[in-house]
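Have a look at this one.
Letters A, B, C and D name the chains as they come in the text, with residue numbers starting at 1 for each one.
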Amino acid sequence: MESLQFTQGIVNAILLSGTLALVAIGFSIVWGILNIINLAHGAFLMVGAYITYWLFTLYGIDPFLSLPISMAIMFVVGYLVQRYLINMVIRAPLLVTFLLTFALEIVIINLATFFWKGDLRSVTPDYAGLGFSLGNVQVPYVRLAAFFISLILTGLLHVFMTYTKTGNAIRATGMDIDAARLQGVRIPQTYALTYALGTALAAGAGTLISISFPIDPTMGGAYTLRAFVICVLGGLGSIPGVMMGSVVFAFIEVFSGIWFPSLKDAIALLVLVLVLIVRPSGIAGKAFYH
Amino acid sequence: MEREILLETHEATKHFGGLAAVEKVNMKIYRGEILGLIGPNGAGKTTFVNIITGMLPITSGKVIFKGTDITGWPAYRIGRLGIARTFQIVKPFRGMTVRENVAVGAMFGHKGQTRSPREALEHVDEIIEFVGMSDLRDKHADQLTLPYLKRLELAKALAMDPELLFLDEVMAGLNTKEIEAAMELVRKINARGITILVIEHVMKAIVGVTERVFVLNFGQELAQGKPEEVLNNPAVIKAYLGEKFVQRFFRQQQAA
Amino acid sequence: MSKRVLVLLVVLLVAAMALAACGGSQATPAPSGGEEQSTSGTTEEQASTEEACKVVFGAAVSLTGKYAKEGEYVKNGYELYVEEINKQDGIPVGDKKCMVELKIYDDESNADRSAQLVEKLITEDHVTFLLGPYGSGNTFATTAIAEKYKVPMVEANGAATKIFNRGFKYSFAVLSPAPNYLRGIIDMALDKDPNLKTVAIVIENGAFALEVAQGAKDYAEEKGLEVVYFDKYAKAAKDVSSLITAMKSKNPDIVLGAGHLQDTILVMKQSKDLGLSPKVFGFSVGPTSPEFRKALGKDADYVVGAAQWTPELKYKSDDIFGTPQHFTELYKAKYGEIPPYQAAESAAALIAYQKAIEAAGSLDKDKVRDALAALDYDSFYGKLKFNEQGMNVYKPMAVMQNYTDGGLYTVWPKEAAVKEFLYPFKPWDER
Amino acid sequence: MSDREKKKAPLQYSLFDGLFQGRQGVLLGLFTLFLIFLAIFPFLSFASGFWLNTLTLILLLAAMAIGWNFIGGYTGYAAFGNVAFFGFGAYGTGLSMTKLGLSFFPSLLIGALAAMLFAIVMGLPILRLKGHYFAIATVAIATAMGEIADSWTSFTGGAAGITLPFFDPIEWSGQFFYYMSLLLAVGGLLLTWFILNRKMGYSWIAIREDEDAANMMGINTTWAKVMAFALSALMAGLAGGIYAYWKTFVLAEEVFKIEYTLQMILAAVLGGTGTIFGPFIGAFIYYILITLLVFFLPVGQLHATILGTIIILVMVFTPKGLMDFISGRKKISINSLLENIRTYRV
């Protein structure tokens, strides 16, 4: 019996790590390139989830098909937010951008609560909750699909950042803004693009989450915190680091959830603090952009 | 007569990951002298100062100051013991006035233990005048221009009543006239009985104020001696200016 | 400009408070202590006899935040009563009738705000009586304020017994206390299948749910069941799959959940994901509200929930609603859905007030308090009677089940059951 | 500058920015008037229980903001977990009163000391972290502490919390807690002033402006930072203890709410971080704004949106807070509002 707990735990953790990686990757590039802790990340994720919900509820659009739609919408929103708001104060001390993105989160959540009410909602396509069993271990199709889509999106991002001109411009900006400027990179646009990528990925994660978890306007905060922990665990600024951080975090979360359910977050957070103290560059050991 | 050694390093070494920034440097600084520390960019000059002053942990080796082994001491204890420094990239306390900036040195430095903040604030007028900033005394540091910020660095260090002062490129970015003034200032500081280590790229200044020069290259000692000798040392010229320049230099000399 | 701007700033700062404070409180004596307050109560009463008599009930209710949905039911219940009683020209007080008014603020599901608002209701708005907020946490915070000012509060949505363990004199609850919640479900399950052996209990980490769970555990053990799993999840949990997995490995016959609507939905959703199929799924709060079915669709089938009250109960009363069925009709006409029990108990709180006021023949706070303490009345909601501590321990809990036809029916107690208890829970993989 | 003038010129403390800008007389006068107003407030005719309650909350917030200012404003460490100290103070006080059976004042002391001790123990490792990492470590610790308090049923009472006795006599409890909070907030102002006159004040600001330089100049930065952290814990811990007894219960979800951290930061930022009076005034501005939005303006459920918008505007236009304008260091004009954007945009 205990072994079921263990094997199911492993499956849960692996499935969870995919979605978490997607959540964290957007957070990570914004942090790494723009040096902003984007506290509104979870709010964008929530909006992505609601876009999926409404497309499904009102027009019957399959949640997986709504993925590009919610990502595209939030890409535009993110671009505008960065271009015309955050860019204005981006070089200010950290407290300013911290509070700015926090205020953004308050506004988004409050508006969402106002228009959509605070109750839990679920996207319930016919296949929700279906799955197959490996022995006694249950693997829900939706979460499996979400896992693979997350991997694909992460892979696409990696390709984009490595092999396209724009991706290179973004990375160059993150490494040395002045050099990038001299190379002809248009910084405000590049920043906006980076942030837009971050919000689009958040929205994508929101879509995937909405298919397997109930959603509500305050759902995002927990994901912002997790993204942060993952970035620290994995080391900032590297996609493989984030992937690794997600796996480690997912295992911590799932197993502390099995053994000490009410201390789930506390354990993850104390691990974070410990990692920060002992090895401030994360377990992947890559240097941070500072 | 043997001069008194004020500071001495034994095989001081600093590694960043696998990279050796400073490798087994033995340096002696004698009380009362002005020693020049030169070397090409990336030679490890600032790193060397950082490990002596406790800004960076030393990888191996020893630092002895006034006969005390200060290896591994935190920076503030070293500062209180009588070593002060300026920073290549100026580090003013921007939210404070000039006088408060300097007073911080006076209240926490070598003789700081005995001074109250008010005494420190009153004490520093003389130093501010010494560096020629009396008129700017009550200005905020963030309103100063670069030459004054450099002087402020100096004043802050002086206010600590140091016995040994590291000057890290205080003349970089100054024009000829300002350099002259700065050189004069360095001499005046030395005349107050403060031993000085000058890190400088401005060769004119090195030749003009130092008695002795120590050359670092790739973290290791390349040469030391009198400024004129060292600067004519082909190895030093090569390290500084590259092979091609050395050839050209000697060709020119021959032509002359 | 500078100096004037400055002065202006400070003056504004002070004036903003002063003005706002003056709003409706010229009559209040300075210290806000209890004795002065009760005098002011009488002053107001005298004043209101001369004008048209009116009773103002004040409440802080969660209209936004975590308990927004439940808060809406509470507000609906209060408002339905007020609408109905005012059709009859209000509550009889002595030989005249007093129109009823409601003053409701949104406490944002926040206990601190709730307490602050109740203090405002008492000292600024001078309401005659207080009604409760939603949830044990907020109720706990607000009863302390009511007690401080010696204003009665009849609450209908805080079931935790710890609210009433402080010896308060002015707080009354019309609903059955938390430890009783899941007893009906256990009784019913054993009645159906005496061979049931094991129970797993998952608990939302909150005062109410912990009491529910402890009550259920004690009762289950008393009935010879083995409690194989008993653990809590964080209050705002968004993922309980770890607990579900742990429960599943124990293979329990009965899974009981102590919590609220949102986490109950979450537990059900993830039980399906992870294939947890016990013979009975029962929850303290959630399955009886229309939201449950809305969120889960067909997956809500078979799930049972504890209910303080159900529309099918066979109570008869001479209050304005008369029977649960009549209440249901009125509620449906006004809000378009079957009333959840939160609405009924909230309306019942006002019935308790009405009966106490009638008995006291006065709006005096202390007289009404004494009448409440002595109240023994059979309402459409069931018995309204308070023990020493102010809890209504005299009313039984019912059980409702989400039926396969999409309906929600009372299946326990047997006397009131309109449908047979569907047993066992149909495993997910057979659906 | 002649010698005579030099003698005459008073020592200028930038530490007292916002006060010693040539209008200190007016400002101190107004502030004293305001304090007198606060001191007699409970005896004014319109001082209902509700307003007493609201002002008590404001003063507690002010006290916490003043405490936050030590670490966040003067020392420059973006501490986002100060609510942990509030929670420690509340639990320390609550547990001392219920489990040890002590009376309020010794319990309050124990609570505050517990908060300070925790700050020292936590501060030593995490004050080595910089910027975002420090910020998030503090959030993480505060959140974890809250969760532990929430589930450690045998010690803290878990989610059922701790119930404290009522203040006796209950009729005066409003006034008692009001004056306790006023005392704490004003004490916090005096403490700030006292520290700024000591070397500690200079070390804090030096650390904020440049920690390396501060260290190099003989400042024991670790000690100074830990002291700043511990003193801000003292303020929050005392506030937490008063709050616990005032509310007569301690519940993790109430006393470890991350919102409290944000409120103290917002109060400090609105007023002006790194100024003596900024956090105090900011607390009033913040809370009055909230109170107006929640209770008096017809914005209904959108008040959080309006609050968020205000924060965004403040961050974009005057992130240094209003103290600059109040003190006359800056004039209110389009230019001064756009200055921030000009400096920090990309």
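Basically, contacts are C-beta pairs under 8 Å (C-beta built on N, C-alpha and C of every residue); 3 or more make two chains touch, one makes a residue touch a chain.
Because the structure is a prediction, the values reported are computed rather than measured.
Averaging Cα coordinates per chain and for the whole protein, the chain whose average falls nearest the overall one is D. Chain centres were defined as the mean of their Cα atoms; on that basis the chain farthest from chain D turns out to be B.
If you average the CA atoms of chain C and of chain D, the two centres end up 36 Å from each other.
In whole angstrom, the spacing between the mean C-alpha positions of chain A and chain B is 48.
A straight line joining the Cα centres of chain B and chain D is 41 Å long. The set of chain B residues that touch two or more partner chains is empty. Each of the following residues of chain C touches two or more other chains: 64, 205, 232, 234. Shared interface positions of chain D, i.e. residues touching 2 or more other chains, are given as 147, 150-151, 301.
This structure has the following touching chain pairs: A-C, A-D, B-D, C-D. Those residues of chain C whose C-beta lies close enough to touch chain D in the complex are 1-3, 5-7, 9-10, 13-14, 16-18, 20-22, 25-26, 28, 30-36, 63-64, 105-106, 111-113, 115-116, 119-120, 122-124, 137, 140-141, 144, 147-149, 160, 162, 165-166, 205-207, 209-211, 232, 234-235.
Of all residues in chain D, those touching chain A in their complex are 72, 78, 80, 125-126, 128-129, 131-133, 135-137, 139-141, 143-145, 147-148, 150-151, 262, 265-266, 269, 273, 301-302, 304-305, 307-309, 311-312, 315-316, 319, 340-341, 343-346. Residues of chain D that touch chain B in their complex: 1, 6, 9, 11-15, 17, 197-199, 201-203, 205-206, 208-210, 212-222, 274.
For chain D in complex with chain C, the touching residues are 23, 26-27, 30, 33-34, 37, 42-55, 57, 147, 150-151, 158-161, 163, 166, 170-175, 247-249, 251, 253-254, 284-285, 288, 291-292, 294-296, 301, 325-326, 328, 331-332. Touching chain A in their complex are the following residues of chain C: 64-66, 68-69, 205, 231-234, 236, 238-243, 245-246, 248-251, 261-262, 265-266, 269, 272-275, 291, 295-297, 299, 428-429.
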